[in-house]
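To start, the structure itself, in structure tokens.
A, B, C, D and E are the chain letters, set down in written order, and residue numbers restart from 1 in every chain.
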Amino acid sequence: DKTIVIGNVNDMSSLYADTGGIGSEVAAKMAIEDSGMEKKGWKISVISADHQNKPDVGATLTRQLIDEKHADVIIDTPNSGVALAVAAVVKEKNKVFIPSGAASAALTGAACTPNTVHWTYDTYELAHGTGGAITRAGGKSWFFLTADYAFGKALEADTTAVVKAEGGTVLGHDLHPLNTADFSSFLLQAQASKAQVIGLANAGGDTINSIKQAAEFGIIKGGQTIAPLLLFITDVNAMGLKVAQGLEFTSSFYWDMNDGTRAWAKRFQALDPAHHMPTQGQAGAYAGVLHYLKAVEKVGDPSDGAKVVAEMKALPTDDPLFGKGTVRIDGRVTHPAYLFKVKTPEESKYPWDYYKLVATIPADKAFRPLSESDCPLVKK
Amino acid sequence: MPTIFGMPPQVLFGQLSLGLINGSFYALLSLGLAVIFGMLNIVNFAHGAVYMMGAFCAYFLLNGIDLPIPWWMAGHFSLMNIHFGSHLSFWWALLLAPIIVGAIGMFLQRVLIARIAGLDHIYGLLLTFGLAAILQGLFQNQFGSSGLPYEIPDGLSGGHNLGFMFLPNYRAFVVGASIVVCFATWFVIERTKLGSYLRAATENPSLVRAFGINVPLMITLTYGFGVALAAFAGVLAAPIYQVRPLMGADLIIVVFAVVVIGGMGSILGSIVTGFGLGIVEGLTKVYYPQASGIVVFVIMAIVLLIKPTGLFGRAA
Amino acid sequence: MTAISLSEAHGRNRAQKVAMVVMLAVLLAAPFFVYPYFLMQALCFALLACAFNLLVGYVGLLSFGHAMFMGTGAYICAHLAQARGVPVEFAIPAGMLVAALVGVVAGALSIRRQGIYFSMTTLALSQLIYFLALELPFTHGEDGIQPVPQTKIFGGLLDLGHPLQIYYFVLVIFFAGFLLIYRVINSPFGEVLKSIRENEPRAISLGYKVDQYKLMAFVLSATLAGLAGATKALVVQNASLSDVYWTTSGEIVLMTLVGGMGTIFGPVIGAFIVSAMQVYLSGLGQWVTVIQGVIFVTCVLAFRRGIVGEIAAKFGLNL
Amino acid sequence: MVDAANEPLLNVVNLEAWYGESHILHGVNFNVGKGEVVTLLGRNGAGKTTTLKSIMGMVAKRRGSVHFEGKETIDQPSNNIARAGIALCPEERGIFASLDVRENLLLPPVVRPGGLGLEQIFELFPNLKERLTSQGTKLSGGEQQMLAIARILRTGAPFLMLDEPTEGLAPVIIDQIGVTIRRLKERGFTILLVEQNFRFAASVADRYYVMEDGRIIDAFSAQNLEANMDKLHTYLGV
Amino acid sequence: MSSDDVLIAEGLTKAFAGFIAVNDVNLNVRRGSIHALIGPNGAGKTTCFNLLTKFLNPTAGRITYDGHDITHMKSADVARLGMVRSFQISAVFPHMSALENVRVALQRQRGDNFDFWRSKSVLNQLNARARELLNDVGLSEYEMTRAVEMPYGRKRALEIATTLALDPKLMLLDEPMAGLGHEDIDRIANLIKQVSVGRTILMVEHNLKVVASLSDTITVLTRGQILAQGDYAHVSENPDVKQAYLGAGHG
């Protein structure tokens, strides 16, 4: 059967709609075009569905996409809770899951499946990239502002371990509830701690508000470095450089890295309804779909998901956005990660000229080594 | 170093003043809710959306507005916008946004809310809940969810070191502005004849009208005023928080709790409770930060147990 | 004066019985035409909305926190089944039971107030439960509990992995709950409830301890909402924060409002419509929120009685 | 039928009114002359209250013509009618719970000069003076009735409509109200009264109209009362 | 104190913020009598009533009903002992039929009606008694009419039927004639007379004709205190009563 249906199970209406959303559908369509498979007689389509950040809705949608729309692969799925729910359904149905927008390292850890291929970032990478690079660069004392739920706590724990391993110290932390509007109390404590680095173990609106208010309270001017552990280019765009300048963080992708990324990003921007530059999640969706299609072409039939994933693992990855890499046995895709610093308004020369590269973390160092993996697929 | 319950006094004072700032927003929002509930008997679930619109309005006044050409004219993936320029400062926004949003509020009241006057107030709650969903959905469609930047007005950037904390000038301004507006509102409603018209009209609009008072107009203006208060809070919030479509959605639930604790419809109650709870929340952030998102609800449950009409509520 | 004759009153009852048979027949045949997992999810919400309707439609108390019972049922069931390996046939009743206990506490706190105050109190209490769900370790925060295994139950008699078998299992639960609510409404207890809603001081003066009746109704409603939640956890294989979030409580209200508050079949219809919108319109993104809002507004302004309520009023039926 | 002697202050022609779908008034015709006290009599449900409310513009749907001081008011909202000089003391009293007695008393705006001052009001209803700071609805039933009457005496409206003003009042107070009405009449007020208490009505009225099923079915003047007693008995079941 | 008195209030006092509405009232209601409470507006009649039926708690004093000290009881419990009140504004269940209105009261005989698992058809056995009661108050033809659709006078009758369904020993009626037309007044007065057989009735009423013709004993209250007590002839001759209540035109 030469029909492939791609399900973009995404947050179309809420906090992740900008980092994934309809943009991931755009990216997937670009991948289909670039694969050139339609010319060879394949019929490939993309269906987007809004999971509303509800795991139950995500699971039901996935089930339905697979049963009724004959979806062969589910992509993106930001929000770890939803991604984990979707992973279970995809495995049961023996299809393929490429969570390019979800952060939980559990997707290739305890919850790994033979049907999951995890692209782009994960909590391990973010913690190690940012924590390791900044500590090595001299940011020895840390204070964390942590979202009080599993994602935040995991990020903080992972980063703490790296900081300590690199010889730094953690002076303290503050747990804040999810979706806090006002961070001044927490920032005041962070300021009072005199830590060199304030790590933000939170996401989305929480991250933006903490950065904005840190600027207001003169924290960055006071010499402390703010290190958001998860930051998207759309977040920086939303804050404006005046506020965001000087932030240091890890990302797997930046549109202005080289000619390949630039060309692709400009194409994307033209197609994106909001005319944003692509986020790392959307880049991951492109790369993931492209690699998936290659594998399907090799296998000749998308219906057996595990078989396709096995092929994905056998093929080396190669695309203009992430370069060359591999898909490991646990489903993790390895590629380099980068430590960026946000430019000052003066340094920025043209629209979306936001980042400068501080350090590159090679592919083999960026992700959790298999030796530490708790994925049942990894035989020790 | 001396400590108060294990906290250095500096930290404590710092948190108390921060609590006061948050309380300023609670007070303004709950005041608007109380005015609307007290006078129209409507629990205005759309209050959060209106607050958000206030912030967006400030943004548009500063940056101009891109109005979309409808997608059926422009094709699905290539939304085109027409730009209407405008460069009005924060101060203009502080004046104009409440008026503009208040006018929108009055329009909604006239065409929608007025139709359910006199019905059980559950219907008011449901109608405004629906309105909130529509407004927030429309803004999300147009502006995404991560929000737009709005900078602190030039005259108010920077701050002062108070010894125990760094107090940004802008936040000090917020507290002052909020206290002034709250007090003025309280005065008009509790100390003038207008207030007694409003209260009487809540109970029996047709009779008050038969005394010669143009009740429908008064109700529309009142709703507009309550909404304008929320928009005012929204403008104040824009430089501190992100201008986001959902900025009011979660806040509103907390503000409801504030109004219930203060006593539904009580003007003074909502002001005092607004500031008070801001401070209590600030303290919780020091002693048990995780609970800060919920302390208001715990207090609400306790208050309802002990004094079901709320702290300042009149018995029904 | 519009006196209704006895035979007419019987006619009203007959309409209910006919509608009940039709509904059952449709639901029995449905999985052969419509996607069964969607049907199951809708059935869970239908049971939830019916439970909610028991309070709002027949006691006049609008709870804006019913998600707390659904969430409690879902979390307990999911935890027992997923982490403790408890068989589903026991995990579901356990979830229901814990929801009932939460209902006793929440009810005792909230039924002291009426109208908008009651709604606000339930909303506050559900925020407390949300907080617990966020903080307690066993709920796994925003990841939720998953996957809830769909295994063989009743000693292998029923295979929940099989779409039709699990569907009929869920249908039985739904219908049992539905019948129970129907019976509650039409019981001596229900008559007293009705009199309380109509004129509370008069009911007191007749010697009824109205608070006890309200509490009983509240707990019944909470219990059934818990059952719906526990069953949903099985159907969608997870329990998550959205199950206890206040927007879910709002959706429950929406379902009941669309279908018709205070009607027996309204909440079922409403639940199917709203669930269908969520699943089948999911490609529209934010527009779903907007559409839901428009429905809310239209219902309140134009169809206050809801779909079933309007039909019933039009044909003089009692549905 | 007897009509007002001089130019009528209020002239009602073919007044019809509806509550929702139910047609309550089927063409009411009567008039009230300046300075008169006119009483509407009729059984429960005859439509007396509805007539007053329709004149005041307080029913959603009405038709016909109501001229006050020569001007048509049927198409006016009730706030304009009140401003024109008509005041209603409603059947259900309409005391506001969220206002105290003083606020209740001062609520209706003064529409013309010539109303009673607070001192005169307290003389009439001493109870009110004592309870001035109480919540309006904490008053006893009868005190609420006094408050409702007192409230409109302040406004100076020259045309007063009193809907069963004696209901629930003690005999002493009823006598008082009778005195008040006569005094108001002397001061040039015009009064339209709805009463069940026939004894009381007889002590103040110049003319009577009898209503049944939303129509005026009879009318006679105070002088002819004796002659009409038998008819009245059948109308009212007195 | 004699066991002839079904209700005894001693030193009954109620103070509202800064105002004493009922002041040291001693009231004995004789078993089997019709006892009227009259007095000028604001005298404290309704407050007294609310105290006796426990809708308000007294500031001081003691209430004994049928040998039970009910001073600190809840109103629902008092009702369970057979002392049932009516309201000044007619209190019916508006959207229930007349039959259902009465039946809800009859249901009280079944004890606690928490049996939500049972069909309400078990209540049909109460229908016969409910019809009997409706018949007693002349409402047979209204059996299936919803209360909201009944004329005012009939609603009051329905309310009395509902109250009678509890078979009360003591009925308290607050201004039962308020707002009634003349025919209805006669009908309800006859009804009260009729149902007073075998039970005690305490009522507040301004309609002197009714008070005079019905009541065995009259207590006159002014300013929260008892002014006079006795039968109509006795009370209406009292000059204090004339001055405070009846006014010049009476007696």
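The rule is short, and it goes like this: contacts are C-beta pairs under 8 Å (C-beta built on N, C-alpha and C of every residue); 3 or more make two chains touch, one makes a residue touch a chain.
Please read these numbers as outputs of a predicted model, since none were measured by experiment.
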Each chain counted as touching chain A and chain C at once: B
C-E compared against B-D, more contacting pairs: C-E
Chain located farthest away, centre of chain D as origin (C-alpha): A
Most widely separated chain from chain B, with each centre as the mean of CA atoms: E
Chain A-chain E separation of Cα centroids, rounded to whole Å: 75
Centroid distance [mean C-alpha coordinates] between chain D and chain C, Å: 52
Whole-Å separation of chain centres (CA-atom averages), chain D against chain E: 31
For chain C, residues contacting two or more additional chains: 135, 285-286, 288-289
Touching two or more other chains - residue numbers and ranges from chain D: none
Two or more partner chains touched - positions in chain E: none
Chain pairs in mutual contact under the definition given at the outset: A-B, A-C, B-C, B-D, C-E, D-E
Residue numbers on chain C that touch chain B, as the complex places them: 62, 64, 109-110, 112-113, 115-117, 119-121, 123-125, 127-128, 131, 135, 246, 250, 253, 257, 285-290, 292-297, 299-301, 304
Residue numbers on chain B that touch chain D, as the complex places them: 193, 196-197, 199-200, 202-204, 206-215, 314
Touching residues (chain side chain C, partner chain A) in the complex: 35, 37-38, 41, 134-135, 140-144, 146-147, 232, 236-238, 240-243, 278-279, 282-286, 288-289
In the complex with chain E, residue positions of chain D that touch it: 43-45, 127, 131, 134, 138-143, 145-146, 164, 167-176, 196, 236-238
For the chain A and chain B complex, residues of the former touching the latter: 13-19, 26, 148, 174-182, 184-186, 188-189, 191-192, 204-205, 208-209, 212-213, 216-218, 234-235, 238-240, 242-243, 271, 273-274
